[in-house]
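The letters A, B, C and D name the chains in turn, as written, and every chain counts its residues from 1.
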């Protein structure tokens, strides 16, 4: 699948000799990727996190607020990460300790986070975050746009975490056979909560890029982005069951969506058809997936 | 075997949930009537019921889907498209009946589409219906091209804003479909089969139940209910826009969950969903009466969903939230 | 299992020395039941200690206590004479106790090595990281020790049942397990794989590993047999050596009442019309060239080693897997379509995986019993709960299903009673052909006999039965004829006269 | 299968590039907020019409999710790569789109800002109405009609959106001018008909007597009307935007009045301005369309489908 999909991108990229445009696709996809990566882990545990988009939004608000007040990016980022982690912990705790279905829990926290984002800002966007923040989207590091660097770094980190650490192994086990993990004497709940905390924290981190991108925080900026993330993960070939999944597939899934949107924009395809095209892409990709599995 | 002496009575459990919920509703009513004089007026209660009706009609179809451990994220988009199609037909032909037929038809068609994606192509319902959501939105935008359709014959508008014995028509519809829903779920063999499919699709299939056909059925019904809701919407608003339905999707899902239906399938009731819809509406209505900033609404809804479901899990009814 | 020659040597390791491990007066109660009542047990190094008992006798509870999953209410543990405590799985592991459960504790999408070392991954230099090289190397050693040659990088879900079980055992050994608990280890194994397992058990014994062996298969009990301890209703009935007992004695100890294991039904001399006729059937699941004939009033066995394609044939006949070649005729009408069509045309299937494929565990007993016959009982499609409960209660009485009531959730019934529910499902559907796939798997002796009696009733009523079973003795005992499968095809048929375990086995293992 | 999909994607994109190469005359990229609000449809139609008259081509960019900030950002990225001759731009959020504007400026593409005034950035000109004046004058109109007294409720749009903020200032200042008028409540209906309808229903429960309703847009005004009809109550209602629906309601005597937001004209003038700039003709720094209130006396010219409307003459609209 990797090969064929890879070939697909190669062929679809033939027209895209324009480096700037490729960079665009990458940069636009980064924020989604930052959500989709931890979402992959969460789905590997047979879980789901519907609150990510809302948490990301709220994190933007917090980040911007702190940045405006203190002017310190570090503090702001710390705040955003803390908030994300807190929500992640709440999700994880309710799932692990109360045994609530993840869908329900995160549907609830989705409401809470988006509500807080609106209430705290009075639905106003917060501006004037300053160039130190903006740098993280607009800036370049050794000639490479910072978001691409961060995206790549995030992927590598996740990859290492998932495939080369105990935590990663247990993520697969949480979805594949939780009882076995428990009998192996592993503190299952701790790791389960850990996965959700990771998800929240990543949302908090993504807030840095999103805020940088808008050089402002808007209380509805990323509402609903979690669905795109979930779709991307699924397109990437991670199933909702038995811890059957593949991290790099998620990257491909995110890129596929990114390439499609970008291409349709270049084509100036009417927005209505773009909307339909995205739906068709999601379904088509999943159909192919199911054919692959049978 | 150790638990053999602890009987779990499926029925009584469901019954218990309903009672819990009704108590919650009662409590809400008392609190609200204390907080706001305007609450306990006939007019307001009628409002609550009318607003609950719309959510319930959407959620009732969705309940069946969720009973099969499925999900339908496309209902909101479905309402949008169905309303626009129905609306334009009514304007073109002047015939409410024809329009209604078209609205229901498109609702069914979209539902059928979901059903086929889930069964024939074996896609996970979440993704299948999410993809469908985008496709339907696309069609709607393309069809409407940013315009709105408005102004329908009074005969049709009665469906949404009309009264009979000073009770809004939608409320009658709500109770009618509550009866239908309960009847279908509890007193037909198809209903039984749907519960069984939710509880264990493999066993259901090997017991000779045409699982795929039943699944297609529930998704189609869910679509049809969206179509019906779209008509009421249309009649009520006296206009159709592309995205009128979207804000309803999550509330509808919330109503089902608050009503005590398990996402893992096989457990839940349509009557529970009605109570769920009532709870949601009461809270939002109360917030409006108390002039609480509308921005708090998503937050409150979220809290209620978590509370309701934790209640079910803590008084653990069989099967729900295992895993 | 006469064909199985090599008997595992008797327990060695000094009788006089303090036992490797000892439980005294273990008591465990659950609300309403006393699962274990002052049970004592001792295990010696290199001994295979057989644990016998009906479902509900307390075997699994005892195991759960031993591996720390349950906390005993009373009782003490001694390790080499030293008093010890088992409060958690971790405690049990440090004492070298490991349980191989029936449903494996393996993670499908992790590699063999990752599964073996789950929870104890060799640490790499970076904190939290795993040293893959060392892990795979050590996994290799362990597998060699068991003579299992699979790639340690293979994902477990790609392995067969037997291999998975060996991975389980490797996992246990990797924990320096001195006491290995085998819960129904041969339940899903073919004869040959069982052989392999026994030789491994033998090898482990010689390495001084003690084993607690839980099984329903009396024949095996005598083969592996060191000491045999029988439990009943949470109490220890007795502990004795194989040499000094007989199957009948053990069975009576288990069930408390004398059950005639040498049960023989009145075999069917004059079978009725042809119910099922299969010609050269092939299916997507790999079976091919299958020819079968089953007549009314017959119980026809479908035998063969596990993995020889018996279940696949059943699924194909039932339309659960698509038929690609040949034809299937039921009552002289060719049958097509999925399970729903099969049921409508009078077929029934009692699947092997009861919990996964036979029952809706979170539904009530009544709901499950009615599931297959809703059409017959409520022809107009209107369902009446009252009538449903009525019919269900009737079945419950008929089959003596032990349940507080028709509304009891099936998941709270014992294995035997769950199986009865599955069978009950088909009584109202008045099926012409009933396929039983391993009807007695994991069911205690008492219930087994009842199931057989039930099957007999069905054929008496003129139905035809196709029975799949791994237990050759059962096939010989119950069936009027038997087909034998090997490598996904039917390789022979044995009439009542030639029906013997040896013949079955010879055909199945093609050293004919 | 996977390959087929890839090829499909490839095809689209290839086509996209070739499409980018072709097309004669100037190419103007027009950004609007969403596909659902008829106002923006009017803007788009006006833009198309003007472009046709001056034989240029218009490329429409609308977020697939209504008012989505990240999406409009991405669309800007993509369009900048594509280098149209000029851009007509409505920010989905007047603050949050600042970096996007900066991108367009950096690419030296002339930008005409329209409808919502962006917070920062350099623009050829701003074309729009004065929301404050709209609010003030429609508000006045209502209060005058009520004889300067009565119970008023305000239906706000989306809080935090600048148009709404300005219109609210206008409404409230109008109220200050009439001390005898009493403001009962001011609640958001988020520019949406359904929400306005339900908010209105609930308000009618709390307040037995409501004489006037100030809605921040026509959709909400219509929602309020439905609610009033439903409750068999009457009140004077005004909206803002002058959508076709509102015009018909005025014609039917249901709606008191609507402040014209000149969607179609904004579309026309913005594109014209862009083209004039490209063709080195003079363009004023900003074009603020006069506030005109549509009521029973003057609705006729508005009572035609946007498709049939024609752009007004530049010189008539723009005094220099």
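Here, a residue touches a chain if its C-beta (ideal position, glycine included) is under 8 Å from a C-beta of that chain, and two chains touch if they have at least 3 such contacts.
Please read these numbers as outputs of a predicted model, since none were measured by experiment.
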- When B-D and A-C are ranked by contacting C-beta pairs, first comes B-D
- Measuring centre to centre with C-alpha atoms, which chain is farthest from chain A? C
- Item | Mean-CA-position distance for chain D and chain A (Å) | 33
- Between chain A and chain C, what is the separation of their C-alpha centroids in Å? 44
- Please report how many Å separate the Cα centroid of chain C from that of chain D, as a whole number. 71
- Message: Give the residues of chain A touching no fewer than two other chains, as numbers and ranges.
- Response: 122-123, 270-272, 274-275, 277-278, 281, 287
- Item | Per-residue overlap in chain C, given as positions that touch at least 2 other chains | none
- Task: Send over the residues of chain B in touch with two or more other chains.
- Result: 137, 141, 145, 295
- Mind listing each pair of touching chains for me? A-B, A-C, A-D, B-C, B-D
- Item | Interfacial residue positions of chain D with respect to chain B in the complex | 35-38, 40-41, 44, 64, 66, 159, 185, 187-188, 190, 192-195, 197-199, 201-206, 219, 222-223, 226, 229-231, 243, 245, 248
- Task: State the interface residues of chain A toward chain D in the complex, per the touch definition above.
- Result: 1, 4-5, 7-9, 11-16, 18, 20-21, 24, 27-28, 31, 121-125, 127, 134, 137-138, 210, 213-222, 224-225, 256, 259-272, 274-275, 277-278, 281, 284-285, 287-288, 291-292
- Under the touch definition given earlier, write down the residues of chain D that touch chain A in their complex. 1-3, 5-7, 9-10, 12-17, 19-20, 29, 35, 59-65, 67, 69-70, 73-75, 77-79, 81-82, 93, 95-99, 119, 158-160
- In the complex, the residues of chain B that touch chain C are 1-11, 186-193, 195-196, 199-200, 202-210, 266-267, 318-319
- Message: So in the complex, the part of chain C that touches chain B is made up of which residues?
- Response: 30-33, 35, 55-56, 61, 318, 320, 338-340, 342-344, 349, 351, 356-364, 367, 370-372, 374-375, 378, 381-385, 402, 404-405, 407-409, 411-414, 425, 429
